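Read from first to last, the chains carry the letters A, B, C and D; within each, the first residue is number 1.
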Amino acid sequence: MSQVIQDKVIDEKLEWSRINADVIASMQSPRRAYWVALAVCIAMLFCAVAAEIYQYKYGMGSAGLNNPHMWDMYIATFVFWIGMSHAGTLLSAILHIIHAQWRKPIYRFAEAMTTFSLMTAGIFPMIHLGRVWNLYWVLPYVSDRGIWPNFRSPLVWDAFAISTYLSSSALFLFIGMIPDMAILRDHTTGWRKKFYGILCLGWRGDDRQWRNFRRTYMLLACFLIPLAISVHSIVSSDFAMSIMPGWHITTFPPYFVAGALYSGCAAIMTLFVALRYFFRMEEYMTLNIMEKTCKLTFAIAMVWTYLNLIEFAATWYGHNIYDKELLIDKATGPYAAVFWTMIFCGMVVPFTLCFQKLRRHMPSMLVVSILLNLGMYVERWMIVAPTLAMSHQPHQWDVLWGTVIQWAIVFGSFGWFGLLFLIFVKLFPCVSMYEVKELCFHLKHEIEEEEHEKQHAAKAKAGATAGGGASPAGNPGLEGA
Amino acid sequence: MSLKNILENFSYYRRDAEAGGHHEYEHRFAMAIDLDICTGCNACSTACYAENNLPVVGKERFEAGQAMHWLRVERYWDEIEGDYPEQGAKMIPMMCQQCGAATCEPVCPVAATYHTPDGLNAQVYNRCIGSRYCSNNCPFRVRYFNFWSYYEDSWPEPLRMQLNPDLSVRDKGVMEKCTFCIQRIRNAKDKSQREERPLVDGDIITACAQACPTDAIVFGDTMDPESRVSKAWAKHQIHRGPVTAKKQKADEEIRGYRVFDELNVDPSVMYLERVRDTEV
Amino acid sequence: MSVKVNRRKFLKMLGWGGAGTALAGCDMPTTVTLEEGKEEVVSYLMPEEYVIPGIGVWYASTCTQCEAGCGLHGRVREGRVLKLEGSPDSPINHGNTCMMGQSGVQSHYNPDRITAPMMRKGGNLQAISWEDAMAELSKRVGPSSGVDGKRVGMVTGTISGHQSVLVSELLGQLGSKNHYVHEQINTSVWRTVCRDMLGDETPKLNFDKARVVLSFGADFMGVWGSPVHNMGEYAKFRKGAERGTLVQIEPKMTMTGANADLWLPANPGTEGALALGIANFIIDRGWNLVDVPARIRGTLKQYDLVTVEKVTGIEAEKIKRIASLLSERSPSLVLAGASVENQENGYDSVAAIMLLNLIMGNVGNTIGATAKFAEASMQAKQGGTKDLLLLAKALSDKKLDVLLTYNTNPVFTAPDVLQVQAGLANVGFKVAFSMFPDETTLSADLVLPIHSGMEDWGTHVAAYQPEGAVMGFQQPLMEPIHKDTRGFGDIMLSLLKLRGSDFAKFDDYYSYIQTSLLNMPSSIVTSTGSKEETWNGILQNGIVKTKGTTTPLVPKLVDVRYKPAANNSEYPMHLVPSARLGMWDGRHANIPWIQEAPDQIAKVVWGSWAELHPKKAAELGVKNGDYVRVTSASGSVETQVYVHKGIHPDAIAVPVGQGHEEYGRYAKGRGVNPLKILNPIMEKRTGELATYATRVKVTSVHKTGRLVKMGGSEVQVGRKFVRTISSSVFQRTEKEV
Amino acid sequence: MKIVTLKQLVSMSLFALAVVLLPATSFAELPVPSHITPPVGEHVGEDVPQPIEFPHNRHVKDMKINCMYCHTYARRSKVAGIPPTSKCMGCHKMIATEKPRIQKLTEYWEKGESPRWKKVHDVPDYVHFTHEKHIKKFVFDADFPVEDVQQVCGLCHGEVREMTVAEKKKPLNMGFCQRCHEANGGPGDCWKCHK
């Protein structure tokens, strides 16, 4: 079998009407597991809301924060969600630019994941603020008082970076959905028709619209890539700009970006398995796509591992005694279990992705991807907590494991994200219909051409054995053009 | 600040940190704390509670690490092999060091902490939004956060009547720290203005320095060369600004030092080493 | 009421209008009030020239938080006292204060103060009016009550000045000789030894003249003598031309021990042997500066280095070094404190220690005479634990019908075996003059709420008068917070008036003090200027300087009959009921600042703990935070462990002060009281309670918790927070410039 | 740079309109001292009921009593001070004793109490405004005639001479203070007012 056929990510014979029907059906009748997941998410969110109301009323002390631990899981979770948001950009923007076709069936939900994880991430700086009602002071607005935020503070950069990234990625998601909205408008009735009718912005599918659409999409993709990288670099500067051991590290920006892509890919794997099951998307989210995602994840995991080891080495061979002490403390001190969990999940577990059998076994991949995510979560925690626990000032050394309130809010954030995501996939096509059609179309052509070529070659071969001579169809090299 | 301004005053803005850097200082308040005569008795800390409306947090919150002692007397044991700590314990009063190059200042998103013309790290409570970045970035860990609405139960009537009206009572969600008794500085300045005379050494005395039974804490203005604290700094060869080669102590055995000087944060508190008679 | 009018008259004269606690045009800090018309402003009724709203005025007074009698300045703004500072005019504290002085305001503003008189009715204390209370007093102790004066007792803390005069007068009027002066933290044995060997109970200790201070358990910076004064002197001792060296010998590291150049724990109760060993070595080498009679020499002979090393557990080499230090760097000052005094052999140990002062010629040099307040009736009546034992005996023997208590809390401090609480039931009528609902007060039949130190008049003559005899003058810094409290002196006066006396001519305590002070004989004060000027001067300074009488010291060697305490195999450990500056004997446990201020050594807050040496802890298998049971023959307590090396391995220190069963919201039910499990052992020569002599056994109860203390790491982990240099370097770099 | 919010713009223009349109009914405006750039901002105060309805207009406009005669601490302290009751009684033992308000005052005096006034010009507790500094700068240091001091006081307190009980006429918010500080060279250091 040829490479194209072996690697083909989707059955090219899918009819366009069937694609429409399948995707629309997924939005109407998912499996029961979907509803269960939805209920779980709502319950988790409810816990978090209750916890947050308590915390808002009584103060940050209810989260168990204390003098050395001014930040804890809230910030770790914030970084985690920001990181997760990078996968969507990777899949839809970077892979779009480099024409990786296999992204097409899965980039929609990855993009949605970007937007929603940013929406989750964005909540955390607010939850963690002591006086959240004054949050707007971070923004540079023309104030009656004539005072401005402190532009030197990485937290202000955060505010800019996150809001820009959130609005851009939401826009990117929306733009990419316009042709699908039109399909939905044409295939639904009642309020849905009106709803999609408004959202498709009068899409008719004529040439001019397609041309503008492609241009806009490419433009946004190009804009989003540096933005994504800068956002996580800025988040890393929350730490790298400080003076604290374990935070004041030059390699933090690339390390954070790599970590972000890593956790994003892992999250995509999780959601891939989930959606595939919930919406019976086996035909669209094929094992071949999973394979490719796994390989990508593995590559990024290795980059991250490398950067992580570099960081350790730099600390180890550096002359900052505080840094070095902290590294030893991380590995041997009270946080050792968490630290080694991170090492195991982040550096060892990805090697399971080397095995094709595992890659094609969905339950294993669910477990592996969750382990990777766990690794990436505790990595963030291992950045935030030990530095605070064992910083310059030994008198204030303290180990913190959080309180119920803190854990509830952190767990609840998964509920919040899940809720948004599940509502999204119910309301919007989680598989991009027009791009899958494009994919099928291109694939069909490629296969046809290959078949064609094969036949030609066979004929030529037959001809050659029959007595040689030139190909009757002329130059075969032209066919590929 | 326009570009023109920057170009015209380029050399001014590039001033040496010892000369104040880009700050326009009127005073640079500083301390000299002699650890040889500091007994660790805690009078300073209690005086600070009395002067600065510090809430009493109670056992549970103290256990959670949420106490609000702006000035804490840290006690360290010697790392010894023998059976007994024969040189006693090590005591050090640790408060905000009012760093000249404070790490807390640049990271505050709303500029609630900034450098004053008095050379102090101001903390403006009502501007603070509680991001707590400043405390995270403080190597001394001397910033305290109002994790709860402490005022609600710290001063049951009539204890509330003791509160010092010269400074605010802080509510939850606000960072706070030692101010070198800014209200005393202000009152002393007001008084000297009222009496139409310049501020002289001894006009201002912080609550901790006032209470200290051994007078181990000396407070004053390092811009006044005649002040006791200036003389102490000079005597112990500690200079303003980051530690550079030219400002290293000529004699390493002279007692003055600043904690975490290697981080180049330019603390305003000079400690004098503890002395022990090693011959007994 | 006439009293009121007179008070007003005074206040007016002082220039302190009747604003009381109202906040005149001021900004009481609350959180945010932006609304118009939500806050109230009240003006003064009468303006006074130098009282300006918004600007604090400092008034002089005297601290009543302990017996040291430090001078105070209180900052008053809008009629509220906000902050206390030491009075620079006071020869005792020279402008400084300790944490107890600082927290005087929290005593005054304490939310748990008793605000109305209470009488026991049907087993419970119920609020009554002052009229009823005074009627009851008159009924029970008045002339018509038929009370037998000999069966009336009064128990107070250390008391001096005019209060003391009134108490003596009252008891004299009743014909009672039962004035028990109980003070848990005392220097009684030291005082007795000083009286016997120096001829003066409270000699002046010239730390600044000493080149070496050798202290056997005297926590002179903490709870021994006059701590603020001592700390000031200590600073001089360290900062002098030559830096003095402090050697501290004690079973548990106190704050003073923490500052020592050499800290050593001798086996508890053997400090006397150590002192004799040092003396023997010194005399052996002929280093003594004062001759020693052969009789004493003979006694000393037994204390050769080998024996002493064996008895005390201190290496001979160290003993030699201490001895040579004393001789090389004379003059020295040798002190003895609680852990030595309060042993069964306390007197003899202290005498042995005092011997060192005598043979090294310290008397008249580093130990000098103090001036005594010329009027004996106003001198401090210093308390101890002997009177506690006497009181307990009187109670159990049912020798008292009426008991007045003031400024002391025997129910809390007395060991359980003395059964003071039960004994009180034998007393028909108990009257407590008290600010707080402490254990003793709540056992009373009649509770009379008194003014705080910031509301009342008073005079205090400190027992330790380091620089001339002065009287500390206590004046109100603000109007009483609670309308139903009264001054102790006022109540005493009205009690005296029940039988009619010379005091009938005084309207109130204030006028009594004023008259008395302005009419002091010229043998006591040199008065210049008019009476009004004199009086204003007293109000301004807060102290009255007097011509004290000084008698020179007469050193006298006494026979030392030192005998080490016997071992006890059932109870192998020594219980150290340690006290600290701040908590004192537990009287400050109701002050939130004190509760929240960490112990100077263990850094524990808001509770009790037991200090153990790592060796012992390992033996018991306990670590920080684990609970242990400390059992003596008289009871047991259970508390958490703090493990550190600053304690003798055979000792367990449980701090005094916590374990209140009453005493307001901050103190009640917090921690344990080690005094409760003390055995009733008496110091043999003085009859004081030997509080450090109780032997205990310690067992782990296999329960753990988090020890609530300040500080994460116990060591600096290579950081340069506190650096140490040797004093020879210090001498070169700083003293020789 | 002066920054004016929309609300202030509206209220200012309304005020200007009122001044232009109703010259006949509006009173003569209090002159602004020439050495001060006045702070900008208006506020419509609430009615604050006081224990005694003190007529400022009677005392200030009719009797021409100086502000600092009664608010005597203004030049010496951060608070201006409510006059002590004895000061009121100094005049009102003799004057207007038949009026009900004075009788009420006399009642207080005889009881030995002071009226519990409600604070009108209140700033949050984290604002440490000081009257002393402002009076010093704008009156004494500027050699401004003390008898016209109400022109200075009025910048923040409005035209008290037209009020009975005091009303809040200026917003007294940070923008109001800040603009005046910028215009008149007041300190810009946060800790000067907040601590």
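Heads up, the rule we're going with is that a residue touches a chain if its C-beta (ideal position, glycine included) is under 8 Å from a C-beta of that chain, and two chains touch if they have at least 3 such contacts.
Since the structure is predicted, the reported quantities are computational estimates derived from the model, not experimental observations.
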Most distant chain from chain B, judged by the mean position of its C-alpha atoms: A
Chain-chain pair with the highest tally of contacting C-beta pairs: B-C
Between chain D and chain B, distance of the C-alpha-averaged centres to the nearest whole Å: 39
Centre-of-Cα separation between chain C and chain A, whole angstrom: 68
Chain B and chain C, separation of their C-alpha mean positions in angstrom: 32
Distance between chain centroids, defined by C-alpha means - chain C, chain D (Å): 53
Of all residues in chain B, the ones touching two or more other chains: 67, 72, 74, 76, 94, 127, 167-169, 260
Residue list for chain D, restricted to those that touch at least two other chains: 76, 124-126
Contacts with two or more other chains, residues of chain C listed in rising order: 26-27, 29-32, 711, 713, 715-716, 719, 721
Contact graph of the chains (line, ring, star, complete, other): complete
Complex contacts: residues of chain B adjacent to chain A: 61, 64-67, 72, 74, 76, 94, 103, 106-111, 127-133, 135-137, 139-141, 144-149, 172-175, 260, 263, 265
Residues of chain A that touch chain C when the two form their complex: 68, 321, 325, 392-398
Touching residues on chain C, where the partner in the complex is chain D: 17-18, 22, 24-27, 29-47, 52-55
Residue numbers on chain C that touch chain B, as the complex places them: 21, 26-32, 56, 77-78, 80-86, 93, 95-99, 101-103, 105-106, 109-111, 221-222, 227-228, 231-232, 234-235, 238-239, 243, 245, 247-248, 253, 255-265, 321-322, 325, 481, 581-582, 592-598, 600-601, 603, 605-607, 613, 615, 644-646, 649, 665, 670, 706, 708, 710-711, 713-716, 719-730, 732-734
Touch list for chain D against partner chain B, complex: 76, 124-128, 130, 132-133, 136, 189-191, 194-195
